[in-house]
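Chain nomenclature is as follows: A, B, C and D, assigned in order of appearance, with residue numbering initiated at 1 for each chain independently.
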Amino acid sequence: MDIHEYQAKEILNKHGIKTLGSILCHSPEEVYRAYQTLLSPIVVVKAQVHAGGRGKGGGVKIAKSGDEARSIAEKMLGMTLVTAQTGKEGKIVRKVLVESGAQISKEFYLSLTVDRKNAAVAFVVSAEGGMEIEEVSKSHPEKILTISIKPFHGLRSHHVLKILLFLGLDKTFLGDLSGLLFHLYDAFIREDMSMLEINPLILTSSNEFIPLDAKIILDDNSIFRHPYFNDYIDEGEENPLEVKAKNAGLNYIKLDGNVGCMVNGAGLAMATMDTIKEFGASPANFLDVGGTADSKRVETAFNILLSDKKVKGIFINIFGGIVKCDMVAEGVVTAAKNIGLTLPVVVRLEGTNAEEAARLIENSGMNFIVGRSLADGAKKISEIVKK
Amino acid sequence: MSILVNKNTNVLVQGITGKEGSFHATKCLEYGTKIVAGVTPFKGGSRFNNSVPVYNTIDEAKKTHRIDATMVFVPAGFAASGIIEAIEAEIPLIVCITEGIPVMDMLNVKAALNSSNSIMIGPNCPGVITADECKIGIMPGFIHKKGKIGVLSRSGTLTYEAVDQLTKAGLGETTCIGIGGDPIIGTPFIPLLKMFEDDPETSAVVMIGEIGGTAEEEASEFIKKNMKKPVIGFIAGKTAPEGKRMGHAGAIISGGKGTASDKLKTLEKNGVYIADNPSVIGDTAKKALKLS
Amino acid sequence: MDIHEYQAKEILNKHGIKTLGSILCHSPEEVYRAYQTLLSPIVVVKAQVHAGGRGKGGGVKIAKSGDEARSIAEKMLGMTLVTAQTGKEGKIVRKVLVESGAQISKEFYLSLTVDRKNAAVAFVVSAEGGMEIEEVSKSHPEKILTISIKPFHGLRSHHVLKILLFLGLDKTFLGDLSGLLFHLYDAFIREDMSMLEINPLILTSSNEFIPLDAKIILDDNSIFRHPYFNDYIDEGEENPLEVKAKNAGLNYIKLDGNVGCMVNGAGLAMATMDTIKEFGASPANFLDVGGTADSKRVETAFNILLSDKKVKGIFINIFGGIVKCDMVAEGVVTAAKNIGLTLPVVVRLEGTNAEEAARLIENSGMNFIVGRSLADGAKKISEIVKK
Amino acid sequence: MSILVNKNTNVLVQGITGKEGSFHATKCLEYGTKIVAGVTPFKGGSRFNNSVPVYNTIDEAKKTHRIDATMVFVPAGFAASGIIEAIEAEIPLIVCITEGIPVMDMLNVKAALNSSNSIMIGPNCPGVITADECKIGIMPGFIHKKGKIGVLSRSGTLTYEAVDQLTKAGLGETTCIGIGGDPIIGTPFIPLLKMFEDDPETSAVVMIGEIGGTAEEEASEFIKKNMKKPVIGFIAGKTAPEGKRMGHAGAIISGGKGTASDKLKTLEKNGVYIADNPSVIGDTAKKALKLS
């Protein structure tokens, strides 16, 4: 799960990593007062949204007075911030972080991620701080160092040394860098993070390492041992349909197309989207209804699909494994009737009792078309929505 | 022949009295799987389905039974403990169905596996089946038919789709393995590809990948260097957007890496027969085997 | 390094493990006041010495009043406590721990050690609490459960379950036992222990697990990361000669025989002791002078050997490897002259320049005899001391 | 032939500029060891003895040199890091001389070794030497002479004692290995016994043990089952008291376990030729080989 910069910094602080003084604000007045409180001649006002690249989009501004800070906040709060990571629709700025300024002597990039290939935690560092790391990795891969730490090796002093040397720092920084890296590594593991990105990590003119920005992604699966994750959920940052689906236990991701998809299983759902695209239409969503496609669940799924006004037709693709297809067909028909569905729907049911299911669909009296295979179904729905 | 499991495999079920565990243990028994024992803490001494003895720990079960494989249905928060218990009990094959295990737990499990002689399939997978012999998992048994294709997949229902086609195409399967949809899994494609290459009954392998990570690319390099048998590849997620987890915890494109098109390019370069869409997996397999 | 019970309990408390209320006392008056302070009708007065088996030796007594506690302390403080672990000479009791009483419902044995074979931390448990575990392990090995925890496996819930079932405890104790075991495991690793023994671990009548006794051995080698170990050193508990040797950087252990041994290397030192024994004499000590046997070091070693009044003769056995034997011989002669050594000394020097060394020893004018081999030297010194 | 090291072994020295490291690196060079590089943090770019290039990290050294083995003189507090650096750099043989590494660090190192292809000898050991070819360690080279006996030992100078006798007895040595005096060591007797059994030049093995642990007992069981070559055993510490560490961290009798007499009994039972005292190690070897 994504969290805000200010929350990420709270976690870092908890693990002994110092950040600059900052105050979270919800109104221009609070921002004005924050300027006074921080006692820093220069402050930075930063939009708190679940997306990176805020600077380019106008979500990070410097203020040299309380008035200036307030007037920045007046524009920033409520604006729709569009960055490389928000998508076209952007994100509405609901709160800002006002942070003290710092005298920057150097900027670095530093992140921790899960290294899938080596089953390890990887440090990624670069002396090119503040840049987008994807760009650096494409244009100058030699400027990035990745060090994988296997769990039974642990972070060790030779790892710190390698990072120090790669960043071009001298011996005198070894102790401080070591402290920072050990705290970060510990925080990453203990808080079950999927990603921790500090960009830039700055070295101040007084030779302190400070994370100027911090982005953390937490591993939702570990929420059972970190109840505080619940406090960090900010539904306002997510797509409302995705939130609704999640609360109903459905796995839904909104896309830009016009064919609503309802599939059981994540892999099959992706494959279904891909096949629709192959036939010239475009999927409106990813939706995995899971293993139990009963009428209640299907009804909720229909409602979510229909909330997306772009949707012109629906493709239901279920491979009935343990679940019997005729049961699913009944559920689909009942749900469609309950909500008075009028959109064209192509239904493909494969697996146990697929024939009986097809008959039920055909005889339902609804606007249902039977797909005989994944390709056949995808083709039929694509032709319909392209009309 | 087949790989990993066959009709002589003695199977344990961890979490046999739970909702999922009991449902699927019953289905496996119906398929003919030799489930010899179950484990659920504090349920030791009882019998599952009036027949399978239940123990508190694997150690207890091992006193009476030879155990070749275990099917793990332990809830996510305790799954790492259950898997490590199986590793410590030296169970040769661990099939973990459980979804939602934290990645940090899996890093430890993976380290434990590396220092052991156990093989783990999963987690977050449909399991392993050798057609008509032994099913350890949650896949529908009836779509499988003894034949000549080995199947490897990061997915669940998409695997059933492929198997269904292979069965209907008259090819049938040897062993079908869902390797799991999580970022860190017990066994990636390569060791299993090697087993299929060595298995005399397997004529070709279907490998179903998806976005995220680089497992398919690494597999294709192995295929190019080490495999004589044809491999048919499909990658799901051509239309998936960046930065979003597509259901599976491991199915995510991040930092522009792990896209379907990158994977397909590498697979093709390394001589994998590409199925352009899931409906042609069966046909592609036939072509690869020069049967059509 | 060994530490006291009260120090062990301090460490346990630091790691969230509750122990009974207790007060460390150095005088009978303090013990009297401790009784009043603890507000427990029954207290236990326990001698604080670096040795187990105190109960049998009279080092653990129950008191039901302040007066009784004081009179127990009067006898206990200053006494020489002899237990199975102190050796014949016993240990002088310099302080006692006064601890509140508890209502005991069950007693268990629980310890953590390093499992050398599996390179792991092992839990050893038994429902036979309060017994000497060595005896139980000989007479009833089936009453002991050992569970090895490999570092990359970690302590897991199935380990706790196995221990719970083995101890015959029911489900309701799972949470508390789990908490205790995780704290102990964490403490063992984080504090670099070699041994942590709780005997008995009690279950109180209010169903709390409490370590009634606690014995901890810390790994000296880790002192660089645990400066507090220094505060736990109690030289009064060690043999004064061993303390003196240690402070001089020598590895010396006092034994009961009359042949003083000076050897370079621990293995060779043991082999030398064994060979002396074979020739019918008895080694007075283990002493490894280490790699640099210069005259300063040899002099210190001589002084320590001579402080043991039982010593009737000295056997110096040096295998000069990197160090040259003639240099060592010179050192030995100089040191012996400096301290005016009169005891018979057999010197065996092997390795580089051994012949020159033998000549130097023979011509030294001191009471030195040359040993031509380990066996020859051991034989000669044994014959001398047996006269 | 020999085991572990020979005249072609390219050696790195970690901690080459330290007091111990530089002294012994010089001695090894004098013996003829092919020391190709050294590592000391922040000393990269300099040269040791005006010849051996020094690097900051092993990775840097590996860019220029093939490295077959590393000799570790890193101080105890940093030794685990140094060893793990060598494991991560995939150095096949790691010889750690350092004494005083905390046991908890060694548990992690051992776990790291288990998941790697590196072999570690030590820590707290004199090192490894193949007579007249390669010395990686602190033993006096001149006492060694090419011959037919393999030597394994938990000790230092006691090993020299044994080697000296073997050389003077005209038997000579193939490879001599101090496995280390700590409770947790990289490689116990068994894998090395196996290598000696497979080495055509080795005719017999001298195994020098001491009190503490059960490594000798386990080794003797291996010897009985798997070795045709005679093994001569000596155990130091018959007169050692219980509960006291005899110099080596691993040399301690605790809870009545790990005594010399127990070990000797088991060794004898399993067909090891026992040398009753260290002075007869050479003679016992001759007898075992039917040379006297």
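List of remarks:
Keep in mind that, in the parts below, a contact is a pair of C-beta atoms (placed from the backbone, for glycine too) under 8 Å apart; a residue touches a chain by one contact, two chains touch by 3 or more.
Everything quoted here is computed from the prediction, not taken from an experiment.
Looking at chain A and chain C, the chains that touch each of them are B, D.
The minimal number of chain-to-chain contact steps leading from chain B to chain D is 1.
Taking the mean of C-alpha positions as each chain's centre, the chain lying farthest from the centre of chain B is C. Among the pairs B-C and C-D, the greater number of C-beta contacts is found at C-D.
In terms of their C-alpha centroids, the spacing between chain A and chain D amounts to 53 Å. Centroid to centroid, with C-alpha atoms defining each point, chain A and chain B lie 28 Å apart.
Those residues of chain A in touch with two or more other chains are numbered 150-152. Contact with two or more other chains is made by residues 108, 111, 115 of chain D.
Interchain contacts join each chain to each other chain, per the touch definition above.
The touching residues of chain B, counted against chain D in their complex, run 111, 114-115. For chain A in complex with chain D, the residues that touch the partner chain are 150, 152-154, 156-159, 161-162, 165, 171.
Contact residues on chain A toward chain B in their complex (touch as defined above): 85, 114, 116-117, 119-121, 133-134, 137, 150-152, 189, 192, 194, 219, 221-222, 224-225, 251, 253, 255, 263-271, 273-278, 282-283, 286, 288, 319-322, 350-352, 373-376.
Interface of chain D with chain A (complex): residues 41-42, 56-59, 78, 80-82, 84-85, 87-88, 108, 111-112, 115. Those residues of chain B whose C-beta lies close enough to touch chain A in the complex are 24, 27, 76-77, 100-104, 106-108, 110-111, 138-140, 142-143, 153-161, 164, 181, 183-184, 208, 210-211, 213-215, 218, 234, 236-241, 243-244, 246-251, 255-256, 260, 276-280.
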